[in-house]
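Common to both upcoming complexes is subunit A, partnered first by subunit B, then by subunit C.
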Partner chain A sequence: MKKIFILVFLLLCSLFLVGCWDAREINTLFIVTGIAIDKSEQEGFFDVSVIGIKTSPSRGGSQSSDDKDKKIVLKTTTRSIRDAFFHLNLNYDRTLYLQHNQIVIFGEDVAKDDLHRHLEFFVRSENSRMETLMLIVEGRADEVFKMDVKQEQNSTIYLFTHIQTISRRVKHYKISVLNFIANLLTEGFHSVIPIFAVNKNDDDDMPINMTGFAVFRNNKMIAKITDLEALGFVLLKGDVKNTNRTIISYDGMVSFDFDDIKTKKEIIYKDNYPIKIKITIEITARVEELLGFEKYSIQDLNRELHNIVQQEIINVATQTFKYFQELKVDVFGIGLSIYQHHPKKWNNLRNDWDNIFASLEVEINPKVVIKDYGQIVSIYNPGGVK
Partner chain B sequence: MTIAETKISGRQFMYSIICFIQASAILNAFISNITYQESWLVVIFAFIIFIPSVFMYGALINRFKDKNLIQIVIQIFGPILGRIISVIYLIFFLSITMFNITDLTDITKTSMLPTTPYIILVMMCILITAWAVRSGLRVLTIYSKMYVFLASFIIILSIIFLFNVIEIGNLFPIFSLPLKKYVQGIHILNAIPFGELVVFLLIAPNVQMNKKQTYKYFFLGASIGAFSFFLTVLRDISVLGETFGMFVFPSLVAFRLIRITEAITRIEILFIVILIILLIFKISILYYVTVITVSQIFNLKKYKNIVLSVGFFLMTAAIVLSANSIQHTLAAQNGAPFIWVTLQIIFPFILLLISLIFNIKSPKEESK
Partner chain C sequence: MFSFIRRKLKYLRNRPKGPKDEFTYSFLSNNLRDNIHNIQSIFGNSADIVIRNFTFGKDSSYEGALVFVDGLVDNIFISRSILSPLSDWKDTLESKDNLIEFIEKQILQNPEVKRLSTYDDAISDCLNGNTILFVNDCDTCLSISTKGFEKRAVTEPQSEAVVRGPREGYTENIRTNTSLIRRKIKSPSLRIENYVIGEKSKTNVALIYLEDVVNPDVLKKLRSRLKRIKVDAIFESGVLEEYIEDSSFSPFATIAYSEKPDVTAANILEGRIAIVVDGTPFVITVPMLFIESFQSAEDYYGRNLYTYLIRIVRYVAYLIAVFGPAFYISLVNYHQGLIPTTLLVTIINAREGTSFPIIIEIIIMLFAFEIMREAGIRLPRPMGQAISIVGALIMGEAAVNAGLVGAPVVIVVAITAVASFLIPNQSETIPVLRIFVLILATFAGLFGLVIGLLAILIHLASLTSFGVPYFSGFTRYNQDSIIRTQLKSMTKRPEGIAKNNIVRRGSNMKNYSIKENEAEDRVGVQI
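Moving on, here comes the complex of A and B:
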């Protein structure tokens, strides 16, 4: 009897003493799904916009017209992120709930200025989650919230789903707050963040396009890589499940899917000083589309395509590597590799690493296996297409 | 003579030791910002260095089979000096109980109940643990086996779920820090959690085990606990990389990264639940040991009568003296280990040495 009394007492305690303070009803919360940070016209101030989904009790029957527009955007201009949330909470009837935030979007101007000062809040706040994705938008970040997305409830859910989907193929497209902070703290390594551009054409149902990567030196965006360099970056980083490349040669056009890209880096030292980097890129290629090449027999075609793809990888990777050498940013983790495996050598290189990286000789060794030609074995050219 | 009449088995004793270390293992922030990505290495070295202490505890238990640490101190140093030393031990037990109550309330506030007043959380913790302590050692330790399996299962499950974000490279470089950092890290780990095992010297007389089993269960318990600690640190470093040293609860951040499709996300609640279970277990043991020490110092026949009084003191002390997480970590890194190691390792060693030199044993051992 006594034990039952104690048990009931403890249960009542947990019911009445704890729940009161932390009770959170859904109709009192503004569930944030995205945050956009832009530079304000006022010096030293920032425009902070948050987007959330409209939460309402579930109703039976068909969807009402209210349900169609479920996004709500709140905006304020403050000096810090914490101030922004304080201000928004003060002036809105619901409490901002950050636990379901999917994405933090930075405008290009903010990224070029100082990203770290804005991230401090996300790292420190107990309401924020470190796995929240980060991305940069060309122009202003709050433009993303104005996008009309038909498939999802709002633009940040669309973007989140988009990044999740593409990162299954190329994991480098997905950078979380934790990844970026870890990269900032890691020696001998600079970071990139995917960059997007809002499509202003209203007729287009693809409201936002991924244009490449924003390149960072420490906490500042210093450049943007698109198309060729973006592909080169992916090839040089390795650990990629799938990407593709269309190559045009004198004999025709061929589209490859590159699967299971693995990269190995070997650093050549002279007197404990790195002078050369040998990068081996292993790729399993699949021919997805082939136009032209009529003059080749099947055996010769295989050899020719092999040569074409090898040469393309050498060109793209070398060009990209040289581009990053010009920028003096080691985004490939060569410095990190020295730091991890030869910490004593790294002590002597640490202070001048950007210059050493820029002077490294690079050798690209592609190892391509063309594994698949699709479901036809001959060259498809029924009408003699040229 | 022991104050507590109940006896537990050697296996229960072993599982209790494992639980005790696992509770501290999950809170690995003590060394994270000292030895950073090399903390996994420090865990290995710290345990290797701690192994002789395990055998020293075993030898002390075997030499004074029916006496707990306080009784040994009083037997060797006499009633006055012995009691003075016992009071120092009492302060030590009170401090670590308080620290652990603070840990529990901190993680509960951080992860689940941010606006619930501190006093309510401390009160709930004291009420539950007081109930457990009053029920006796057998009830206290009966579920230790289940907790160990549950905690181990969750550690292994988390490693599997985090496999896609684990970067082995994060564990390197090794031996890149100044020597004093390793010494500091090893020293801290020898105080928290390994040295804290000294509390089991107060439980040992209530354990049914022979001399051989004493060494076996103590060593196995400490080894499995240390291995759990090692796995936890290894997982957190390989997942968090350079940010490992930044967080108050690195494991909580690591758990938050688990994402198996859209269906299995936000499972950090598993971590929080197991941490709360383990910490409640650890606090119960520490609370029990504190109560036993008070009873022994004041020569009380029954310890149950003072459980709530000690609990009230602990509650007040935890509320008044509670520090924020930074102060807590700093205390655990700088001040506490120096004082604690004296009581955890050096003093028991002196006790063993004196008992060997002057051939002091418990009466039971002498009659053999």
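Moving on, here comes the complex of A and C:
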């Protein structure tokens, strides 16, 4: 009897605690896969666009859907993000479902203004996921939704897949809302977010290009790093599976793949400032393309390539570090590591850290191992290419 | 109104208490005519009762009568072993007092003869296929075993087909069935106890157990429960099962059944008691553990590693069979965020344009499946197959195309159905649990599903089979539960089932290394 009572009680609990009022038939949902936020022409207002997948009845495995009809874009202009979703829900027949949102895209203007004010909703709302990726687009963010993607169901799923693919090699390309907020709250550390540009060229089917990283001081974008600085940033950050660099020297051209980049930072304190920082970059390099260098024997070539790579790493890393010192943003977490290892010293440094970072003395110490020359062992140069 | 209540109370006060005993006849008379008359009146001149009067002895000085049920006896055997020796005896005895003893010991050539003195016993034996010999001037009769009714041969069991292993199955005859078990366990400690259950059916029931292994508490309980049964008839072991099981309300069967003597024999060797009921090829064993449903005879005849895999597959299939539709409905109706985006889009596409809520879709499909299953089982086999094809291929496809149900629901119900076929012993439990969990999940999503799971676990943990905890196989006895260990290391009988004689055998058996192989070779050379 007691058992039956307990069973009935549990059943009643299940009925009253959540109940079927929380149930939603999935064909009444609008699955949002991306959100774009831009500054509106109206002062203090923002354009919020959402993109979702258009679902269509499939019968017996055949799905009738035209490529052009795969996406649905909804747009509104409001003061806050919550208002935007309220407004969109009010004016659209289905309920916006945010848990499958893959990506939040910010226009450059918004990023330069204040990113945090737009992220607050995504962190607070229980309908949103904090693991949603974020990125900045040069120009307006809603341009991304107009892109014609051939491969995936819509442009945000394309972008999400793209970021997933490249972040398998360099994980710093993948920044989620949670990462960004966590970085904002961390002392002695500034964020970068990947920045993309919509490809206006109709000749190819690459709708969007990755141009580099947007550098943030707290919640404001202050600069953009491309090519060389982007590589330098990746080298200095470390923890990278694979990247690539082509170096042209006097003897020829060599293209390297850098595998398993690991970076160690050693902070050397002196009684008087400046603090010295020694960064060791461990790289396993593979020769992927080699033109020229015919005057070298195999042994000499190894030594020469070794020197070339080391010099290149020192140049790129030093230049990048200097660039960030000029910007006075510590994106490498040097302040954070002082805070973690020497909290008492950090107390003295924290208020003026940006200036101290700018005056840090840095020593780059690359440790390169050239592991592989590919399938060809000998050096050959049939046409005398230089 | 009051007169009605008064009449009701009067009826309740005077209502018959329990069934009446059928045979209230006393001892046999020493007059043959009286005896035959009484027998005829007891049977009410039934058409199949044969009474054969005859005379024998010198100058036909003695009168006798045979009583048997036509169809239950072997007529040729009767004439050869009873009538022929009696008519050949042309002698006389000094006194008629020891005539019946003389016939029993010196004339009859039948191996199984016993002397009876009451109508009760005589009629009971007669109905069991024995022939009753009455002789004038004797107040006892002889019951001679002449059973010879039609019976089915030992064939391959229908419900427990195996790829490897014995193919003999029980028949409807209790003696054949006990002999099949006796042939598997040729130990003198194998005991067979006979019971007659059913006021009208007088069904023979036999308990079979190993005296040195069986748990005496369980045996005591079983005996007392069997003795307490007062019913008209027992036609199947399933009926008996319901009368003796611990909890009839539970969806879980706490008594196992099998059609294969090797399975029963293995159960008896672990300390269980087999109950063979006359008239059915299903032998039940008690006590039962939950894990028994996941064990199959072939697990022990095949390769050990494969058994690991197949056991795990069975457990997973069980979970799918019970929780499959409930899990689907929780994800789709409550926790859409847990479904990968691409899959969600596929599911939505399938749901677009269907008219019913998803729970109705699932209920339609589950009912359709149960209807088709029932139709497939009851119909003759060739038609059953046709029904399955119509059901599975045509109706499923048509229902999806017509927009009545979405394709994913068909897949979920189909997987659930197929998964439930992996555990035939739980086939009557799974649909009940499935609907219970489905209702909870419909109201409360995964929360409801977990409540359902906990309720089932609590129930399982509290269930007993003849005092043995039903779920104990997972906790105390682990040599043959989630995985089957190697037979060489399976040294113990399940605890709780065998109480006194836990150790199956010593642990002297092991894998043979190269060294041991060489040692054996050397011994061979010396010989």
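Operating definition for what follows: the second predicted complex is superposed on the first by the 355 of 386 C-alpha atoms of A that agree within 3 Å, B and C clash if a C-alpha of one lies under 4 Å from a C-alpha of the other, contacts with A are read in each partner's own complex, and residues count from 1 in each chain.
Basically, contacts are C-beta pairs under 8 Å (C-beta built on N, C-alpha and C of every residue); 3 or more make two chains touch, one makes a residue touch a chain.
Quick caveat: nothing in here was measured; it's all calculated off a predicted structure.
J.: Does subunit B (first) or subunit C (second) touch A:Glu126, or do both, or does neither?
T.: first
J.: Which chain makes contact with more of the residues of subunit A, subunit B or else subunit C?
T.: C
J.: In the overlay, answer first, second, both or neither for which of subunit B and subunit C A:Asp22 touches.
T.: Both: A:Asp22 reaches subunit B and subunit C.
J.: Examine A:Leu336 and indicate which partner it touches, taking first as subunit B and second as subunit C; both and neither are also allowed.
T.: First partner only, subunit B.
J.: Go through the superposed model and pick first if A:Leu10 touches only subunit B, second if only subunit C, both, or neither.
T.: Both partners.
J.: Which partner chains sit in contact with A:Ile181 here, subunit B, subunit C, both or neither? Use first/second/both/neither.
T.: The answer is first: A:Ile181 touches subunit B but not subunit C.
J.: First (subunit B), second (subunit C), both or neither: which does A:Ile53 touch?
T.: In the superposed model, A:Ile53 contacts subunit C only, not subunit B.
J.: Output the subunit A positions appearing in both contact lists, the one against subunit B and the one against subunit C.
T.: The answer is residues 6, 10, 13-14, 17-18, 22, 129 of subunit A.
J.: List the residues on subunit B that touch subunit A in their complex, please.
T.: Touching subunit A: residues 110, 112-117, 120-121, 123-124, 127-128, 131, 169, 172-173, 175-176, 240-243, 246, 253, 256-257, 259 of subunit B.
J.: Which residues of subunit C touch subunit A in their complex?
T.: Spelled out, the residues of subunit C in touch with subunit A are 332-334, 336-337, 341, 344-354, 357-358, 397, 400-401, 403, 407, 440, 442-445, 447-448, 451, 454-455, 458-459, 462.
J.: Residues of subunit A touching subunit B in their complex?
T.: Answer in residue numbers: 6, 10, 13-14, 17-18, 21-22, 123, 126, 129-131, 178, 181-182, 185-186, 336-337, 339-343, 346.
J.: Enumerate the contact residues on subunit A facing subunit C in the complex.
T.: 3, 6-7, 10-11, 13-15, 17-20, 22-27, 29, 31, 33, 53, 55-61, 63, 97, 99-100, 102, 129, 153, 157
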